[in-house]
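Take a look at these structures.
Each of the next two complexes has chain A plus one more chain, namely chain B in the first and chain C in the second.
Coming up: the complex of A and B.
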């Protein structure tokens, strides 16, 4: 098992290398030169622009700049923001917890809603409850995030005033208010996750329920709680785990929209702002950081696979 | 043991007495009666073979006894097991009997064990489900069972997953799982069909040994008369959802009374003298929706006459205790070997 984990970790190195090249190379394809923006935009003089370029090190060859950046990034040092002049790592560290709270809560919502729905429909395919779940999840998958957010805000915040429509209150300040402010972002972001998990679990579970070993579990007289909760669920967990891994990437990305809608200053809105301001180092740092998190999450998913399936461990 | 746990029926009469058992499935507003008024009985500690081709309803009738059919199955008739009526039991009652008093082993050893739990986990789960008790006791019992079914180094192998076992070994584990609570009846549904010939006979021998040691009765469902000949005491032949012949094993092999039985016997490889061709029964079992109202075998029977296709054929109880469903059984003289 240990060698298995070690091999997976080593396999990440080339992957992260490729990601870093892409992230850093984004500079080359994004239109506009940050030096011009910083030098004062349209009215900037050529001397001033050159000065700024030198300051940023943009006059040096691309590969040299990349090498330096990657070397620092490996130590989680992404340089300083062109805009605020603060270390980007610090800015990320300040904003990421909010994003994590949104994405984590949305994932929890997805699991809490998706797994029961998946079980209800998966254990009895084509039953009335199954059809209902299929209908609901299809609708949930089809609804665009921003539209869902608008409906939720209108219904629960504007017309009824049950929940706040935007903003963020730290947990340490007031857990109750923190929760109130997080509910709508969680539901907005987590609905698609819940539907996707439910669908995946439904498919996996209905296959498993028809398998010979489930018949065996029933034949030894195990109660449904054991047959479904122990045997069928564990056998159906691999595909669900895969979508959970994919969903985490989606959730981290999806926070960009949700943070914008609900006015939360997390990492998603940080990336967006950085792009608008042509703050390349901030953009690269934040995107690289998100990529890193995604890769680590997928590593964890891979390892849990092996824990769930004895055959993977052997291979 | 001061008070032996023997109910009156099991002391005197059969352990399992099935009477007029019918099973039908309804799909798309059409009802198909897959099993039609089947009766048979199993004596305590004895083995009854239920024989027939696929589509005969033999597996359905045996799984109906323990509630392992899909919930769309409609089961009528009676099946008394040790004085208890199995038909119409609640699912909770069925669960108490399943794996405890009546166990089942299946045809597919490769897929019948749960791949993501260790063999030990599955065995102890089955044991504790019915007996309760500590994990340690259950592990000891599981080890004992693996030793009993002939698996070397049982303690060590309890920690392994099914994929570490060969097909024959998995069927042994499956047998251990079925017998861990010392059931009084074992339903063996084609337990050797998927195995190599040499392993087949090992498993059959093992089942017989275990039957002697543990004293359970076996309901042996198979299409293979060779298997019946080596393990069964009595045989019940099913065709198209009905019982067509019942007899003790020796009389049956010496003188089959039903043309279908004769056909089955003649298609056994070693029943045919060298140089003669194996004679398979031509045709296949009709679908339940096409079962004729008269003799269901008429379409394939070499002795069919007009009388065979007029009315439903009754099951006739003969003087020697045998049972046959054929209008011509008195005139026809049949032998296993031709």
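Coming up: the complex of A and C.
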């Protein structure tokens, strides 16, 4: 197992190197020059723009700048934001917990809703309940996040005033208000996750339910709860775990839209703001950080998968 | 059993969502003023319009001033209803001659850190702003010397060009926000009505009433909490839902508030206008008859109705009717919408159709693309094929790299109306993409800038606007009505709606005890 983990960790090094080249290379493909904005936008003179470009080091060769950046990034120093002038690592550290709360809650919502729906659907394929779940999950997958957010805001905040339409209250300030403010972002972001988990579990469970060992378990008189809960679910959990790993990457990316709509200053809105402002260091730092988190989560999923399935370790 | 329970629960949830009653009854206006109430104002802190740079000499985005104007105040204030400069931190000013401007501060002004705002502090601040790396250097670079007078409250500003006439309204903008020596982007310190408290970057900014502000007795709010939101539409929804006190409205986005019993909308006419900014050095746009054909061919009303239904004034020139010193009534009918006249002008131009042009709408706002699509349909009728090529950075692609033939854009007016002419129709200005101009315009502008009142500048405006319209240097479309959507418990007896991300004059706003 240790060798397996070591091999996986070592494989991350070239992966992160490639990611860092792509992330830093974004500066070459994103249109616009931050020097123009920093020099005064439409009021900027060409001379001042050139001065700012020199101040920012944008006149130096790409590889030299990349070398410096990657060296610092390896120590989690992403430099300073061109606008706020604050260390990017500090800004990420302040915002990431909010993103984690949104993504974590959405994942919990996805699991809490997705697993029961997957079980309802998977234990009796082609039944009425299965068809209902397939219909609901298909709709949930097809609905765009921003549209769902708008409908939820209109129905639950504007028309009925049950939940707040926007904003964030820290848990330490008021747990009740924190929960109230997080419900809509969780549902918005977690709906697709719930649907994906439900469908994945349905597929795996319906296959398992038709297998010999489940038939045997039933024939020896084991109660249905035990058959499904102990035997069928365990065998169906591996593909669901893979989906959960992939969903974490989706959830982190999905916070970009959700944080914007609900006015929450997390990491997703930080990336979007950085792109809007051509704040390249902030953009590179935040994207690299998200990539790092995604890679680590995938590593954890791989390890968990190996723990569940010894065949993976051998392969 | 379980299945039946789940189905029942699901059904109950649907029924519950469908039949639950409407919104809460928020307090109506009319009531006592609550001196401890804080106003929750929504604004987009995440877009390119807000830079987080809160120092006046470092601000780079138009929305930065919405916070800055409250923390710093301005030397002079522009009354939105009369468009006239009125005293603020400065009690008076004098255009001594076209190259000399004198300004006198009120007595006993202090910054929020306790240091005095006197002539020496004013000189220090203006000297900082007028040279690079200040982002105000392009505007204030015309100042050659700032001399404090013996009274300690007056400074004489010497100018390298005869433009003293524009100084009063120039100092009503970011140029007139005076920062203390201790002020920084993270903790701005000024002498305005509200003192900076704290900021959660991109999420929230809090300011509280500054008790030593010169007009503190008339400031009725205890503070302002600026809250981040993504779009005007969601902001208006948040006001209707009771989660925000006020947001800046925008055309169709205001719809949910129009008939809501708890909200109100304040409106004002501004000089921001939607337009086609043409690169007049590129053929066939270098041909005046072709430009006239475009002015005839565009259905301005269709565009305005699509973007700001019922909330606009159609534009015939660069200033709306309310700007009486600038607007030229006799030019109103110069380019009526007429495909026939457009085709006649096109024939006169000698340009062979079909001709293909490229429009570059800003990609960050779908309204500009809708605007471009209507223009595309209009121009098709006169044999002009239009390619739409959105850009995420207009400043770079169109104005600097000269890609495309024209842009669908919004010109955000500055406090001093002459800036519109200067930036768009005089040489060596970034926003004059073609760098093409009539030599008479700078002369007329000089006349405007040297005049000591707006009324005295009328003749200069008449000359400049006549040339701009006659030469069809642009296609002005419409002036959107500026609006602010607020709860009815937010009251004011003098709404000063600035728009363009400037909100309202918060020092004239109060909250009644009706706010829960």
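Throughout what follows, the second predicted complex is superposed on the first by the 312 of 315 C-alpha atoms of A that agree within 3 Å, B and C clash if a C-alpha of one lies under 4 Å from a C-alpha of the other, contacts with A are read in each partner's own complex, and residues count from 1 in each chain.
FYI, a residue touches a chain if its C-beta (ideal position, glycine included) is under 8 Å from a C-beta of that chain, and two chains touch if they have at least 3 such contacts.
Not measured: the values here are computed from a predicted model.
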Fit-or-clash call for chain B and chain C when the two complexes are aligned on chain A: fit
Touching partner for A:142 - first (chain B), second (chain C), both, neither: neither
Which superposed partner A:176 touches (first chain B, second chain C, both, neither): neither
Partner chain in contact with A:309 - chain B first, chain C second, else both or neither: first
Superposition-derived comparison: chain B or chain C, residues of chain A touched: C
Vertex chain A; arms to chain B and chain C (CA centroids, nearest 10 degrees): 150
Contacts of A:28 with chain B and chain C, given as first, second, both or neither: neither
Contacts of A:216 with chain B and chain C, given as first, second, both or neither: first
Partner chain(s) touched by A:226 [first = chain B, second = chain C, both, neither]: first
Partner chain in contact with A:13 - chain B first, chain C second, else both or neither: neither
Chain C versus chain B - closest C-alpha approach in the superposed model, Å: 16
List of chain C residues in touch with chain A within their complex: 3, 6-7, 17, 20-24, 42, 45-48, 51-53, 60-61, 132-133, 135-139, 185-186, 200-204, 227-230, 234, 237-238, 240-244, 256, 364, 391-393, 395-397, 399-400, 423, 430-431
Chain A to chain B touching residues, read off their complex: 211-213, 215-223, 226, 230-231, 234-235, 308-311, 314
Residues of chain A touching chain C in the complex: 30-33, 36-45, 48, 51-52, 81, 83-86, 91, 94-95, 116, 120, 129, 150, 153-155, 157-162, 164-168, 260-261, 263-265, 269-270, 272-273, 276-278
Contact set on chain B toward chain A in their complex: 66, 68, 94-100, 103-104, 106, 108, 111-117, 125-126, 129-130, 161, 163, 174, 177-178
